[in-house]
Amino acid sequence: MTEIEKLLEDVAAGAIAPDDALLKIKAQPYTDIGYAKVDLHRQARQGYTEVIYGEGKTVEQICGIISALVRAGQDRVLITRLEPEKAAQIEQAHPIHYDAQSRCAFTGQMKEPDGIGYVLVVTAGTSDIPVAEEAALTCEFFGSAVKRAYDMGVSGLHRTLDNLDLISGASVIIALAGMEGALVSVIGGLADCPVIAVPTSVGYGASFGGIAALLSMLNSCASGVSVVNIDNGFGAGYLANMINHMR
Amino acid sequence: MTEIEKLLEDVAAGAIAPDDALLKIKAQPYTDIGYAKVDLHRQARQGYTEVIYGEGKTVEQICGIISALVRAGQDRVLITRLEPEKAAQIEQAHPIHYDAQSRCAFTGQMKEPDGIGYVLVVTAGTSDIPVAEEAALTCEFFGSAVKRAYDMGVSGLHRTLDNLDLISGASVIIALAGMEGALVSVIGGLADCPVIAVPTSVGYGASFGGIAALLSMLNSCASGVSVVNIDNGFGAGYLANMINHMR
Amino acid sequence: MTEIEKLLEDVAAGAIAPDDALLKIKAQPYTDIGYAKVDLHRQARQGYTEVIYGEGKTVEQICGIISALVRAGQDRVLITRLEPEKAAQIEQAHPIHYDAQSRCAFTGQMKEPDGIGYVLVVTAGTSDIPVAEEAALTCEFFGSAVKRAYDMGVSGLHRTLDNLDLISGASVIIALAGMEGALVSVIGGLADCPVIAVPTSVGYGASFGGIAALLSMLNSCASGVSVVNIDNGFGAGYLANMINHMR
Amino acid sequence: MTEIEKLLEDVAAGAIAPDDALLKIKAQPYTDIGYAKVDLHRQARQGYTEVIYGEGKTVEQICGIISALVRAGQDRVLITRLEPEKAAQIEQAHPIHYDAQSRCAFTGQMKEPDGIGYVLVVTAGTSDIPVAEEAALTCEFFGSAVKRAYDMGVSGLHRTLDNLDLISGASVIIALAGMEGALVSVIGGLADCPVIAVPTSVGYGASFGGIAALLSMLNSCASGVSVVNIDNGFGAGYLANMINHMR
Amino acid sequence: MTEIEKLLEDVAAGAIAPDDALLKIKAQPYTDIGYAKVDLHRQARQGYTEVIYGEGKTVEQICGIISALVRAGQDRVLITRLEPEKAAQIEQAHPIHYDAQSRCAFTGQMKEPDGIGYVLVVTAGTSDIPVAEEAALTCEFFGSAVKRAYDMGVSGLHRTLDNLDLISGASVIIALAGMEGALVSVIGGLADCPVIAVPTSVGYGASFGGIAALLSMLNSCASGVSVVNIDNGFGAGYLANMINHMR
Amino acid sequence: MTEIEKLLEDVAAGAIAPDDALLKIKAQPYTDIGYAKVDLHRQARQGYTEVIYGEGKTVEQICGIISALVRAGQDRVLITRLEPEKAAQIEQAHPIHYDAQSRCAFTGQMKEPDGIGYVLVVTAGTSDIPVAEEAALTCEFFGSAVKRAYDMGVSGLHRTLDNLDLISGASVIIALAGMEGALVSVIGGLADCPVIAVPTSVGYGASFGGIAALLSMLNSCASGVSVVNIDNGFGAGYLANMINHMR
Amino acid sequence: MTEIEKLLEDVAAGAIAPDDALLKIKAQPYTDIGYAKVDLHRQARQGYTEVIYGEGKTVEQICGIISALVRAGQDRVLITRLEPEKAAQIEQAHPIHYDAQSRCAFTGQMKEPDGIGYVLVVTAGTSDIPVAEEAALTCEFFGSAVKRAYDMGVSGLHRTLDNLDLISGASVIIALAGMEGALVSVIGGLADCPVIAVPTSVGYGASFGGIAALLSMLNSCASGVSVVNIDNGFGAGYLANMINHMR
Amino acid sequence: MTEIEKLLEDVAAGAIAPDDALLKIKAQPYTDIGYAKVDLHRQARQGYTEVIYGEGKTVEQICGIISALVRAGQDRVLITRLEPEKAAQIEQAHPIHYDAQSRCAFTGQMKEPDGIGYVLVVTAGTSDIPVAEEAALTCEFFGSAVKRAYDMGVSGLHRTLDNLDLISGASVIIALAGMEGALVSVIGGLADCPVIAVPTSVGYGASFGGIAALLSMLNSCASGVSVVNIDNGFGAGYLANMINHMR
């Protein structure tokens, strides 16, 4: 029974007046703090707490949203794309854990892993690591165990052999690559689990800020592969964790 | 224990000669029929039978690959992107079921659904249906129950309300849209399961054959969304089924 | 009072049972005929009858939608992007008026103009006329008087002088151009009413199927200009009529 | 009777010599201050005062244009895209009101709203607010009442319900969004008034500085929607006000 | 003294009534035949007769425009982009000379060359010849002598030496090339006259229908080079002839 | 008789030894100063002195090239794209005239105008002036009289009327515009001389750094128009001067 | 001693008159047959006979060029991109061998392989074979032994192991792939010889006719890789053979 | 006999235990230092030592990789894309030679040239030199003699004549150009050896950061040409050296 069905029955039963019902439908799920409408029901509705995308928001705005969430009883908040300077300022108002490499912060405690298995995060090169860590930390924040295999390249036999067990054992794989993005097709050909491809803006010249990798991944001949936006480590981590909690 | 570990132990145990072991590693997993290397071990390796992408292959080539798979004991074969004329010719050599709308054919029987739940396939418009059916049939072929909700539009409240239950109950959602692809963000905002977005080439002018929808979906502000290639119904179906069988 | 407020009050008053109310919210506004969900409440909700986009729909589908609308009491239906062959077939089932140049058809009678003033439709060249007529006929169908000035070019003084009165007197102007689309800036500089720019796919080489005109129009230095999709005569006409009925 | 007809009659009547008439046609409507030709007749011709686009102009140039307009009797001047540093310098020469968020300044008083109704300005996110405020302030400067609904997202039911009244009551809606721009289609499906879509450069990766949102909006399946340039808040506001003053 | 100055003096002198003057300004220079506004004064105003762009016009429309021009006393008409089938039909109504390779036709006689020197038309390959001939014939029609050097390639020394005299002696050079368009830079480095570059759509793969050649030409390091649209032989010929008649 | 014919005759006549002849062919026309091959014969070969493109060259390199040219007897050198800081440093080694707005410098004296007529340089806006001045100064350096008409807009009648005489009287017109570039079509429709279009990178959003203006100009429906690279004021000025000296 | 040095010495020695020498320089290396300048010296100059690109040439033109080459003593001619219908017609005038799959024909005999080793031609899929055969046949025509490995996919271990010997033993590898082009990086990581990458137009949706593969290959992280145009099998074969004949 | 065959035989012969064999296959070829997997066997496998791409790596990471390579016995390491500041810091830990122009550094001694002939590196302009030097130094590091011809332009006869001997004598040519990239076609037409084309990001406006040159080179009508990524001097040098060592 959906929320709206429940409300209508309550109205019919006289348990709630129509105006109040309407108010409830409208007013409950978020609080409007002027520059943002903070979703307070997301945990209830989608099973995940609200996440704050830090880029383009001022320290004041971020603190305001954290406060609104805390007031609404959300005890754990993830903040992504957060510059170190901002993190330092926020830290003075809210106790956060900040990870400089992934530019992520969170309040509260990390969750115990409770997923089906582990999420494997692999990168083609060293420069893809910051985005990879954003993905990994997101997974961990939402309750997935994570294994990492960075700088795998696509140079074939040796590194592949070394990671075959890791690949075979994963519940979900997040594969990050810039430049030509070929790693995704190689991983996709070996894995028997969903592969989430993350093109990164690593590269130069005709990599066009990640377009080459993006197109490569969208055209991957491997099955079980899907793609998120360039540098979208959070999106990949969120989805991987979701799949890792299928029931 | 991986296959290669097993082989090495057998070699050490004298159970198999080194040359034979090498032969085994090399020769087993596919058969080379000249114009194609047919993967015979994919079912074992990835849990899914080989699929034939019909576009750009001649009737002779498709029949040859079916025969090779049948000889190797694969009893069910899915063929996608198959024109009616080709299907009619293939039918004379192999007993296939052909579905004209999705341009898919398969040999053998449909599998009983054995996934976690059902896959919901939604389209924004009527013209997206052929690609949607390719996705739906792929899901069904690999063992997922499918529910369909076509021509949903993004026009807001009414159609959304009607499909809320369908959306809430799904294990995975495949959302197809051409033009501006906004459906994906709307669905993604309501669903609490993975959403696989399929941009379609439906539209004109600045839809640029699906680019507008593709970009829209890649940039979706909704979490839990990932994207496959334009018109790639098969890829979406394959991945959805995989997620629907997470264990 | 919105529809939903009204319903809630009725529920509270016992005038309607909660289940029925929910049914009402869900079931009323459209009818699902399988391949399409026909919006039957649009006239009520937005003041305009449902329009059928003919491209990519079969004759059967179009006839089915017309029938559904007729059954719901909508006496006038506009069909756009309709090929002559399809029109001829539809004509056997439904009495339609078909205009070959604009590829538009409609059932019922044209409406008497009841707008603020007239909509002026101008084109840069002769080849833009079919899209212009789609715009013009859409305006007329929804109740706007239309004046036409075709093949105006941007060659300056003489043609401009001749049309100054037409331009000054218009309530809304729809300006269509392919190639470099400069007409829009010229018109926009002279007009004191909203100008809706329609890039057309007329041109060759670096016109890239309307991209040159589209970009030109988006960057127009004239104020009061907005743009619709390439070749989207209907969209421009619909919007122009809407503006011409502001109250 | 147009200005030129009037002049010709005066010439014929001997009321003005031909040379003087020519001079009048040429010299009146603007003044050439070297680096700019300031349009002094625009208010008369199009009903709106000249607006100064501040970007790429020096403080001296902006002050020069203000002076020329003031000399010509224009008592209210709007300046857009004005950096705070420039504003501070201009303030020393001319009494201006400066709004840092929208980067707009104006001389003289705000106009009393005298439009048909109100213009609703909605944004998908928090980062779209500066462009939204440019639009809103432009509307207000030219005499339209404005209501704001920021950070609406497209996440569906709840926020939509809350704003249904605002949407239904608006004369014109300006909808701003970056990323995938889906907000426009959602709003467009609910509104029965013109919707002016403003793609913003908010986003990253495959948003390509606003291209994804732009294409999405151009392809919107909703009727009554038109689009202006990326981040063109002024253009949207100018047009919205114009529509809100249709008579 | 411009036309408008003259008219104003006549009005002042009583030689012409104001209404008649206005009529004259407006009505004279073109005739409106519904689907086209035929410019009858172009010869007077710009020194060149009106040209008909045949693509996208029906036989009836083309014949109608020819008739209007003939009635207005224009004895020579050039028609470009004219398909052979249309030419055959037009021939029955008007005596035209048709050249199948360039797809150009003209009425009346070719003009005697009266330019400064000759226009040299060079192509990189054999496939560029049709566009080259459109350029050449346009030059000849308007009175320029033309020399041709086709299939020059850019392969260096030998062919270049052979054509050095031709290149040095030309008044204007039209250089056509598809693929990489390098011919233009080679010619531009040797010539001491204006070079008009015409990218052609000849090529495949990454030539993208002429984009590679277009970009190459726009970036040419040679001085004295300018570019027209892809495949725009007419535009190049028209401009070359204009330069060849500088006085 | 070309240089090479002359040399061969000298060789045959014994006036020069074959080795020396070869040396002459090779060694004469430029001097190799390591980082650059300075063309010393260009004035002889093409009638124009060598020009130094300053961007990406160090002060040392620019001074070195000036010295090489001076040693070879070239008394006047034009340097384009020269930053003020570099100009200040160069000034200490060579007497140059530097113009900050156009970022151009030159040694020696300006040349007396000796062309057919004057070159008219027009811009759409104020921000186009720097590129316009690069074009104008290039014309003047090579001997053309220049007239300027800046910030013309495309807003129609009044400004156009004011400049009709200037336009009609020009030998060549250089038209510069960013944003939508419509000015070129307006000018092209009025002028009866060659129009060289220069797209500028002025604009924002969908102007894409000059692409919108570039495409607009390439597609101009006006005849006699050709286009140079974005912001290429020098190229336009060089070509305009060349045309203005046709003989 | 280059040709020109030799000629100059002959002139000095009186062995040849200057005019004759000039004639020789100019006239020798090609013959002008109107629509084409056939390079007769290419074999001498570059060691390879002239090749005819068949696309866009008429049967008459191709026959004419063959005749000119035969007359000049070239006994073997390769013709690429030749449609079967044209081949059938040419066959009546010249004895050619035609291969329908690669669309190549040649006159004379195949050359005995005389290169360093063999060229390995590998494709990712079955649909890449026609372009691969164009490459292979070009290699063979010019004297290289060729080995083929088609439909290799990038699915990892098994197929790779099977072809390791082939890859290790090759002198040059031509790797063809459409879609995401990842094969090139995999091969490039294993090979220790030059790899020539050929993107093919195989694929759909976001493969954009080969752009995805092209970008992927240009960005390949593997060393020793270079790229030719989309579908340019001939170019790859020509270069591979050249490298295979390094001395 | 490949490594894996050898290992299997050893296992069968009891010379090595299966677990150790597996360990060997996996563990040997690289060492994992956390942020990077350093390939220690590359010299053995491909005949070339590992190269460090410096961009995006910290000084610590680069030093770590150098140390790992040194520990593994690799005595010479090339580092590309290394900023001067980083080089200065690295120099304190490792004795490196740093070349500021090419931004390359290397440890150990330069190798004696032992290739077939020399690699010719040519550039179109002065600004291409840094990328050219990256290519040249890479060649020299791996054992190829290099000749340089910079700032060649494409201005035709004179500079070409001067370099004909250099061009004819080369084993491989690396041709670098920005802007329109025409140099490659000119060189390609004269050379009888492989030409590796390197588009550079030199240029402005419609050069689009090297895209114009890239497309031009991909479409080059000259045979024997292949292309690497924009500004990829290292890739070109590596490949050129490889070809120059063909045996």
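As written, the chain order gives the labels A, B, C, D, E, F, G and H, with residue 1 at the start of each chain.
To be clear about the criterion, a residue touches a chain if its C-beta (ideal position, glycine included) is under 8 Å from a C-beta of that chain, and two chains touch if they have at least 3 such contacts.
None of the values given here were measured: they were computed from a predicted structure.
Student: Tell me which of F-G, A-B or C-D has the interface of B-H again, with more than half the contact pairs shared?
Tutor: From the options F-G, A-B or C-D, the copy of B-H is F-G.
Student: Which whole number of Å gives the spacing of the CA centres of chain C and chain E?
Tutor: Here chain C and chain E have centroids separated by 38 Å.
Student: Take the average of all CA coordinates in chain A, do the same for chain H, and state the distance between these two points in whole angstrom.
Tutor: Roughly 38 Å, centre to centre.
Student: Between chain A and chain G, tell me the centre distance in angstrom, where each centre is the average of that chain's C-alpha atoms.
Tutor: From the centre of chain A to the centre of chain G is 49 Å.
Student: Touching at least two other chains at once: which residues of chain E meet that condition?
Tutor: Only 4, 153, 155, 161, 164, 205-207, 211, 214, 218-219, 229-230 qualify.
Student: Which of the chains touch, listed as pairs?
Tutor: A-B, A-C, A-D, A-G, A-H, B-C, B-D, B-G, B-H, C-D, C-E, C-F, D-E, D-F, E-F, E-G, E-H, F-G, F-H, G-H
Student: Quick one: which bits of chain D touch chain E in the complex? Just the residue numbers, please.
Tutor: 4-5, 8-9, 11-12, 14, 17-18, 21-22
Student: Inside the complex, what are the residues of chain F that reach chain D?
Tutor: Its residues touching chain D are 126-127, 129, 150-153, 155, 158-159, 161-162, 202, 204-207.
Student: Within the complex, which stretch of chain G touches chain H?
Tutor: 2, 4, 45-48, 51, 116, 161, 164-165, 168, 171, 191-194, 196, 214, 218-219, 223-230, 235-236, 238-239, 242-244, 246-247
Student: Per the contact definition, I'd like the list of chain H residues that touch chain A in the complex.
Tutor: Touch list, chain H to chain A: 25-30, 34-37, 39, 41, 55-57, 61, 199, 201, 210-211, 214, 229-232.
Student: Can you tell me which positions in chain H touch chain E when the two form their complex?
Tutor: 124-125, 153-157, 160-161, 164, 179-182, 184-186, 189-190, 203, 205-208, 211-213, 215-222
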